[in-house]
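Chain nomenclature is as follows: A, B, C and D, assigned in order of appearance, with residue numbering initiated at 1 for each chain independently.
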Amino acid sequence: MLYHIKVLVFLKDGVLDTQGKAVLGSLHRMNYTDLKDIRIGKYLQLWVEASDEDTARNRVKAMCSDLLVNNLIEDYTIEVDELS
Amino acid sequence: MLYHIKVLVFLKDGVLDTQGKAVLGSLHRMNYTDLKDIRIGKYLQLWVEASDEDTARNRVKAMCSDLLVNNLIEDYTIEVDELS
Amino acid sequence: MNYKAVGLREEEYQAIKELLGREPNESELRILGVMWSEHCSYKSTRPLLKMFNSEGKYVIQGPGENAGIVDIGDGWAAAFKVESHNHPSAVEPYQGAATGVGGIIRDILAVGAWPTACLDGLFFGKTPRNSTLSLMDGIVSGIGGYGNAVGVPTVGGKTFFDDSYEGNPLVNAMCVGIVSQEKIITSKTAKAGQLAVLIGSRTGRDGIAGAAFASAELAEDTKSSKPQVQIGDPFVEKLLIECCHELLREKLIASMQDMGAAGITSSASEIAAKSGTGIYIYADKVPTRDENMTPWEIALSESQERMLVIIEPENYERVEKCAQKWLLECAPIGEVTDDGRFKIINNGKTVVDLPAEMVGGGCPEIHWPSQKPAYLESIETERAYTLPQDAFRDICLSIISDPNVKDKSWIYEQYDHTVQINTVVGPGNPVSVIRVKENNKFLALTMDCAPWSCWLDPYNGGAESFLKAARPLWACGAEILGMTDCLNYPSPESPENYWILTETVRGLAQTAKDMDCPVVSGNVSLYNESPGKKILPSPLVGLVGLLETMEEFLPSGELEEGDVLFLVGPKKGFLAGSLFQRLLDKSIQGKPAQYTPTAEISFKERALRTAKDKCCSSVRVIGSGGLVTAIAKECVFAQKGASINLKSEHLVPEVLFGEGGPRAIYSVKPDKIAIFEHIWQDFGLLKIGTVQKEKTLEFLGLSSFSLLEITSCWRR
Amino acid sequence: MKACVVVFPGSNCDRDVIHSLSTRVKANVSALWYEEHKLPQDTDLVVLPGGFSYGDYLRCGAMAATAPILNAIKGYAEGGGLVLGICNGFQILTEARLLPGALLANKNLKFICRQCAVRAERTDTPFTSNLQTGQVLKMPIAHHEGLYFLPPNDLKQILANKQVVFRYCNNDGTIDDKSNPNGSVDNIAGVINKGGNVLGLMPHPERASEKILGSEDGGLIWDSIASWLKKGGRC
């Protein structure tokens, strides 16, 4: 079965978001003052072959901790769609 | 009202995802051969003050076209959560 | 709160109580715990650092300030310093290395200089394990990621591979800045009544007690013991440089400090202690990023990209306007007083009240027990080596492809080394040269270290560490102005380690002094060890030399067809600790190069004359891998062949692969041989061959290599 | 020649360009702050320098492209004024849609700083008027996002319009994969707008305008602009 898995990676609380800070400043300069805050993270889409959803999810978790996510400064959430 | 808005930015079809390709290669080398493909995009979280959800959504759309997304190479989706 | 929990020793706690005449409160204890850590107080090494001579005719400012400063003529000066970021880089390679670069650049900025060039000293494990590779990758990208964005070129460095650095990588960053002598800023010039202003980023919970962390051995599970990782923002650093220089041009700065280890506490207390004043910090006025930070967290946070600027109160509005222009936070967070106290006041309540002197300078020195290690007795003699004729080829190629010798362009091509358009000789060469636009002179820079020599023979290894960095400068024709160093060692608490530390520093200090080179700045990093593994003694030396014009510069890697190749210096080098020995034997034994002051001084004088007399096309000092490697590198860079014809008595490993001592190869123009021989007579001079058109490097009687073969071994 | 060099927060080649223009062609060069709304009168050339405007966060050049001065530059360009974007400046011009395409991360995903060779594909532009067609220039590159990309149909268009001004090449001028440092489509190193007055390029001419820096080839671009202006050229 092919699963489509979305991983949202974001900075842990308290970790300086250098990008977000600069973008917030620019948007404010462009008069988007209704924007109160912005945080910038990563959006990963994975297509994984697995026997069932749980396996797919666990494989992606392993990939996250092995490579995709730096657990010193980042956290993530996973969402799984079944495809075929 | 404060709205929490998630924007997922991803590369358009046909745009080379160099980073995704490199990560795919690394994960394959690490024996994650069940991973068929991976695409890397951006996950933006915005907190916007607005009178209602539609306004919030439209403001974020404007920010996307003014700055956050380059429509030559990127597409995006929006999701809105009401906060308070 | 127990004193042990903040890393203080019993006697230190007693000293605190005595100095204060009372028990410190919790905030005070936390602050003293950080400020009296090894990283901030140099308590183990202060007695050793006294061995360094810091005086000389070019010295404008020696150790003690943010950077050392030397005279480069015409009213201009060069400020420079090297600093370690070893522990943070072991935990989070990219950010650790990046913030290391950011920190040293702010040190240069703090003396009022414009950051002009960086160099980086990297020490990695040698076996290409995945963990080492990703660590290397992260560290190199971090250095580039930061330096490139800030716009300071990284023009050179040193990379050393040995498995003792596996898990204990070293990241030493050096920065050189240019400053007008009249405009040097010091931390001694604050006066009561002036305002302390914080400019830069907001303060968060980053790296709180990071300095204390850097003063301990890495625990098994480094990740759990680490403080919140500091994230570097090179964009803000660039704005900070521009903003501070604008304030300097407008003469608004009375005194300045960068915020490095221990943040506001160290920068504020240092200014007060050095200026002989007091300073009050109002914690509630510090712009914070995180909610509910306690006063001691604010005082100790190591959030990056912040400067403490001391100004006249009436200038505040102008300062604030300038900060706003550069998109920076700006807040008046304190005032300079005349009572000698370092106070932290939060919402009107005094939470810390200590003598300013005591915070930075009060920690008693520790005199660790010292004992000559037993291993030194058993390794004095080495086995005799004969040249294995049939293996000569393989040995040469293995040495040339050893990571210590191999091309480092995969590292330095990730660094912007041409921004600021001053890089005349960039990375890849034994010395890097930058132009000083301000006075049309040139600075020649090197960085080096001899860890294996230090391990085999600490005193002479310390000497060799200096000389490895110095000889290429002399050979290129530069006069050395001053030195900075980073002493990277394992725990000083082992008597053997402490003995080695002492002896290497003694060798280093004596040599620098003999060679007329003042030590103007430096840094110490101890506790570079993890369970079961400690680093080799690694005193990294960074040197700054002056060239009046590029006319006097003798390059490397510029062989000309028809040139005659000469070896100068002792015919034999040393095999102890050499790459040859490390390749052939599992055990490293014997005596490495023995420091001979007269020979080095003689080498220096002759080398400088050789460059001035323009009788050569190229020079290369013999380093790692010995004579064969030096010749091979010359050929690869020049893309020229050479025919080497040595007498059979010279076809021995000591001549071909020996390292250390004042030895160099010169490529002499055929019509200038007489001049050259005159300069080097009575020093040791041997004609070894000629440069040829054919793209082969042949060692007559041994073997021949095509240039292509050597190049492909050497390149990655 | 009266030139101005725009300074954005995070620009770091502004001083280099000023130094290079004023020493090589004795231009009267001033720095122009990004918050300004108009250009100085009688400006002959606007340069967007290299660097990391806004830290190169989000996308290189994206935030700078929204700066007030860009409106003035757009108007200036529409009137035929000469605009040159170098490295980050090139990225800014594409983000501002003054030039086609986008600059993506280098193929090897690493920052690359090294001497490069580029071939002049056109000599009928103000920026290349002193060059010979096919002439090879040596200039350093220093970027992390230099892979020039545009969708296939747009690529056809700019090729048909002859908008490619520089291509990465070998020292002898041949163009192949080996000489492409960053994976740019078609080895493209520099493109010009349809009007022929707005040029963007990744290599740094200001870093190759003095003998002491190892190449003077970049100076030929400054020379070209100066002589084109002297001849009273218009776009």
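The working rule: a residue touches a chain if its C-beta (ideal position, glycine included) is under 8 Å from a C-beta of that chain, and two chains touch if they have at least 3 such contacts.
Everything quoted here is computed from the prediction, not taken from an experiment.
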Required minimum of steps from subunit A to subunit C, each step between chains that touch: 1
Contact-richer chain pair [B-D vs A-D]: B-D
Centre-of-Cα separation between subunit D and subunit B, whole angstrom: 30
Whole-Å separation of chain centres (CA-atom averages), subunit A against subunit D: 35
Subunit B-subunit C separation of Cα centroids, rounded to whole Å: 42
Separation of subunit A from subunit B, taking each centre as the mean of its C-alpha atoms, in whole Å: 9
In subunit A, residues with contacts to at least two other chains: 18, 22-23, 26, 30, 40
In subunit D, residues with contacts to at least two other chains: 54-55, 57-58, 63, 66
Residue numbers of subunit C (touch at least two other chains): 233, 235-236, 327
Touching chain combinations (by label order): A-B, A-C, A-D, B-D, C-D
Contact footprint of subunit B on subunit A as seen in their complex: 2, 6, 8-10, 23, 26-27, 30, 32, 34-50, 59, 62-63, 66-68
Touching residues on subunit D, where the partner in the complex is subunit A: 54-55, 57-58, 63, 66
Interfacial residue positions of subunit A with respect to subunit D in the complex: 18-19, 22-23, 26, 29-30, 40
Parts of subunit C lying in touch with subunit A, wherever the complex brings them together: 91-92, 95, 201, 204-206, 223, 226, 228-229, 231-233, 235-236, 289-290, 303-304, 327
Residue ranges of subunit B in contact with subunit D within the complex: 14-16, 18-19, 22, 66-68, 70, 72-73
